[in-house]
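Look at the two complexes coming up: chain A is in both, with chain B in one and chain C in the other.
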Partner chain A sequence: MALFRFWQRYGLAYLFVAPALLGMLLVHYGPMLQGIYMGFLDLKLSTLRLYLGAPFVGLANYREILFDPQSTFRTGFLYAVRTTLLYALVVNALTLSLGLLFAHVLNRPLFLRGLGRTLFLLPWVVPSYVVGLLWGFMWLKNGVINTLLVDVLHLLPEKPHWLIGPLTFLAIVLPTVWRGWPFVMVTYLAALQAIPQELYEAAKVDGATPWQRFRYITWPSLRPVTAILLLYGLLGTLYSFNIVYMMFGHGAGYPGEWGDLLMTNLFRNTFGMWNFGLGAAASTLYMLLTLVLILFWYRAFREDLKAR
Partner chain B sequence: MWKKALSTLLFALSLGLAQRTLEVWIMPNSAQPAEDFKALVAPFERANNVQVKVTVLDWGVAWTRITAAATSGVGPDITQLGTTWVGAISAMGVLEPLDDVLQALGGQGAYLPAVWNTTRLAGSPRATALPWFSELRAFYYRTDALRAAGINPSQMFADWQSFEAGLARLTASTFTDPETKQRLAPFCTPGKNSWDVLHNAAPWIWGAGGEVVRQVQGRWQSALNTPESLQGLFFFLSLAQKGYVPAESLEKNTAQIEADFQAGKCAVFASGPWMIQRAQVPEAQGGFAERVAARNLGVAPYPIGPRGRYTFFGGSNLALFSFSKNKELAKELLKYLGSPEAQVTYARMSGLLPALRTAWNAPEIHGNPLMRVFVQTAQFGRTYPSLAGWGGVENLAVQHLGMAWDLVAQKRLTQEALKDLMDKASAAINSALR
Partner chain C sequence: MREERWLAWGAGGVLVLGLLGQLFPILWMVNTSLMTQLEAATGSLFPKAPQWGNYLEIWRALPFFQYLKNSLLVCTLTTLFALGVATLAGYALARFRFPGAELFGGSVLLTQVIPGILFLIPIYIMYIAFQNWAREALGLEVRLVGSYTGLVLTYTAFFVPISIWILRGFFASIPKELEEAALVDGATPFQAFYRVILPLALPGIAATAVYIFLTAWDELLFAQIPTTEATATIPVGIRNFVGNFQNRYDLVMAAATVATLPVLLLFFLVQRWLIQGLTAGAVKG
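== the complex of A and B ==
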């Protein structure tokens, strides 16, 4: 009886949601479950024809990745973990700070503000693989960046190698920030414009300083959108691939200890080594690691995300 | 009237039904890959009333598409395979034996041993791939730059010592390119950001008596950390560290280095035979005929190392999928593509060297002094072993050689550092070959 009443009340809504749910199950969860299952198979080139019928090896792939010091999957892995974590930290700190700063600037009645917004947004519409390709040329020893820094501005005594050695880290961070901050800026701008002006006027009447107005009105109002931007940024940087892949010989070259990220490392160790079972197991481990990070994120922003 | 139209239609339909179709996947081997291949197979199509459908796969996606076809059983009748891929795809058990095709084309004696090795998985008695064209490396040099520096090319490219001495003289030379008015870099070579990192290093490893992998008690193992391999690698890498290679070259890929040579920035660089054809083609069509470099082009084989003269021998083969519905007809097409006439025609289109030895006697090849050097160089050609797991070996070798190039760029490469890297590479490769 209760079920009938439930159906009478919500049935139509569930019917409307059903196609989207079905699509999501087929397109999203189907491949994901298949990927997780592949992590339990001895799926390499010689067994590729069997695909999901490849020999079941249980947790052997996970054991190899986590506990076998001779595993080829360990080649450069720790460097990739270090660089990816640093990359995620630096890129997100810079995109969020720059985005917030420029959103504030563009939230004021400035001359040609609309044009400014459009121009700032341009890097965001450039596909990430094009960004990698273009910046790869720009970072060359005799490229436009070194010409500007050394020949024109005389800021450096000699032209450094940006694509070799520790400077590689800067070479992958800056294009990512360049492409990423405009989206943060436009999102913050929309959030800023939604804050009621009365709050600021009342605070001014009460004698609040600009910093106090930011601290007690702006920032609390921006926390929900910051939470979403941080999640989006974290996922984007932890799974970042295109820029590094294109910048170093279109995947042919090894980006080096300071350029190799988890995804480029995973790609090389899976498709370069033709070992798809290990690759699937490593992907599942990365997914679990990311889920743990998301859990921390959720705990930090839980209150901000509650519907009001 | 309508009866005539109907009979014409029926006749056309019956012709259409009678005409069979063969599907072939190739990679961009020439300036207009699809058009060139269609022109190449046109006589075969007419003679056999068959339509050959060609699909051009970019090298970047070719491996994925071919393995997907091998796995799913849905794909072309014939596919082009890079010679280093033959072992892996053969090991998947999806290729039709081609011993009869090879026999019809002259058998083992018709090909160089290095080329013959690429027809099968190492150790297999059955051939699964037909050699199509060869890609081997030689040195290109600027005749005007060497002349100005007082260098005799045959002496410079005689052995490793004379090669280095020649580079030293080029460094000291004040010769400038007539177009750019700039001095030429003695030697241009890409560092780690290139698809052929191992191919560039292999001739030096072999020249010192080393190997990439070797068989020990019936098992393949890495040999990158043997004293001979390290000697060859260190000699090659130290040429860059000594300043003969411009620092900016180390960040570039092979295409960018080729462009630098064409633009008059380099005196010496290593590449394949296609540069000869490009030197005769105007820039609008992808060549560099108008450039000074094209008018002053010389070719020399790799210099002799302590243990001999070697060059990397690659190229592409053709293979027939066992799921093909037209195996006999496909084999006829393979025989046609492997014939001396078709080999010469395609060499003319692509600028590559035919795989069949008798095709080298064609005037286009034998009559061209630069191409003749490549034919001579082919005698010193060497291939990697055709292993099922070669992709993993090359991947790990490239990664560790990349780290060595990083040290070179920072002028920190020492023999100890190189040994340490190659020990790590060998441990990883041995693990991959377990």
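== the complex of A and C ==
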């Protein structure tokens, strides 16, 4: 009887969420748990047939990744952690500030503003694997970027190799920013247009400077949007794969320590080297790293999220 | 007001510069796709004569039609299924109070923290195991690996969580009174959802649909493992193509242009309310 009443009350709700829940269990959480377990196994090409029955080695994989100075896997992984964190930091700082700047520029009556907004957004629609191919081609020593910088504008004395050494970092950051900031801009633009104009007029009457108007009216209204954009941006950059993968020999090439992100690094090391146990352990650490960053994000923006 | 005019000029200059930077790479892609092999490799600025034949050549060099068909099919089916599942769950999260709602909402968000690389292999092996089990226990030939079914299933599950989160915001922004009025008039809760709220949420649902389609079109990591040549989507096809035609940048850029064109057209068709829909989701939550 109680069960019947429970069903009558919540049945529809549970029916509505059931398909999503099933999908998440089957494709997200089930495989995730298997993946975490794989990190404790000696799962290589030779033991792949055994899958989860492969020899259990406890924390050996984690020990190698964290403490074994001889391990080449560890060296590459640590470089990738560094590059990925820097990449996430720089890309998001640039997309958010460029987006905010251009949202302000576009938030005024302008000739053909609608068309301008659409054209700005075009790179966001270009598939990211195409972005990787295209920029990889443009960065070549004889590519158009060097032609423009050296032959046309004479900004540099000679043509640099953009895809070798520390310059690689710039070569992967710029395309990501190029594709990412327009969406930030249109979102900020929508948020700016939602701020009541009376607030600005009142502030002007009270003699507030433009900076004070930004600091005390604009920014507090933009914080919740910023929180959401930063969350999307963090997840997007930490798990970025396509651009780097396609830029360096479509996955066959090594992007170098300044271009190799965690996704490309682990993909190469797991599938190229058939190191599934080691790869799974590293992926688990990777997930924990992301979780920690998301926790920091949550602490920083908790109040803004509640206000929504 | 001299300051105002100075500001307007500065803003105009920044806009033009920004627009140039945004459009140049896309124009360069199309420009290169019309060059000869030599022009593309030596860094010429313009093709002497546009090589429209490049577009015919990629069609001959690889089964591009097949890839295009595969991508369209997989992305369309994924969009439909994911949308159906996510609409129901998003509505439930926005409107129903039920035990476990918080836990469900949290676990929807938490899926986004799992790196794809962690569950790529388990999914693959799980699909193979299911195929074997279906053959031995049920006598059924189910193909999940190297078939549309497997890819659509995986993608659907992938894009459901983010879609739930976007749609929940749309449903939450529709006044509750509308359903309450329908209930008073004798509608069942399901009828109130189906007849009253769903039509109102249609713009948001459509915007989410386009978002899912664009994201699915862009997926490469999972697409390349469980597909065969017959079911390969465009990114996989292009990746294989680039491997075989390392130095034919003219052809590679032609292929890249063809891969971009469908989503660009879609975007131009729907851009006005796509932008409105997606930004409204982020601004209002």
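Following the convention adopted for this analysis, the second predicted complex is superposed on the first by the 290 of 308 C-alpha atoms of A that agree within 3 Å, B and C clash if a C-alpha of one lies under 4 Å from a C-alpha of the other, contacts with A are read in each partner's own complex, and residues count from 1 in each chain.
Rule of thumb we're sticking to: a contact is a pair of C-beta atoms (placed from the backbone, for glycine too) under 8 Å apart; a residue touches a chain by one contact, two chains touch by 3 or more.
Worth saying up front: this structure is predicted, and the values here are computed from it rather than measured.
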Of chain B and chain C, the chain that contacts the larger number of chain A residues: C
Touched partner set for A:Asn142, first chain B, second chain C, both or neither: both
First (chain B), second (chain C), both or neither touched by A:Met287: second
Which superposed partner A:Leu122 touches (first chain B, second chain C, both, neither): second
Touching partner for A:His161 - first (chain B), second (chain C), both, neither: first
Contacts of A:Gly256 with chain B and chain C, given as first, second, both or neither: first
First, second, both or neither for A:Phe169, with chain B first and chain C second: neither
Partner chain(s) touched by A:Tyr51 [first = chain B, second = chain C, both, neither]: both
Partner chain(s) touched by A:Tyr87 [first = chain B, second = chain C, both, neither]: neither
Doubly contacted residues of chain A, that is, touched by chain B and again by chain C: 51, 140, 142, 250-252
Residues of chain A defined as touching chain C within the complex: 10, 12-17, 19-21, 23-24, 26-32, 34-36, 38, 51, 101-102, 105-106, 108, 110, 114, 116-123, 125-130, 133-135, 137-138, 140, 142-144, 146-147, 178, 182-183, 186-187, 189-191, 194, 224-225, 228-229, 235, 239, 241-242, 245-246, 250-252, 262-263, 266-267, 270, 276, 279-280, 283-284, 286-287, 290-291, 294, 308
Touching residues (chain side chain C, partner chain A) in the complex: 11, 14-15, 18-19, 21-23, 25-26, 28-29, 32, 41-43, 45, 84-86, 88-89, 91-93, 96-99, 101, 104, 107-108, 111-119, 121-123, 125-126, 153-154, 156-158, 160-161, 164, 189-190, 214, 217-218, 220-221, 235, 238-239, 242-243, 249, 252-253, 256, 259-260, 263-264, 267-268, 271-272, 275-276, 278-280, 282-285
In the complex with chain A, residue positions of chain B that touch it: 60, 64, 67, 70-71, 88, 91-94, 191-195, 197, 247-248, 250-253, 388-389, 391-392, 395-396, 398-399, 402-403, 405-406, 409-410, 424, 427-428, 431-432
Of chain A, residues touching chain B in the complex: 45-46, 48-49, 51, 70-72, 75-76, 139-142, 161, 163-165, 248-254, 256-257, 268, 271-275
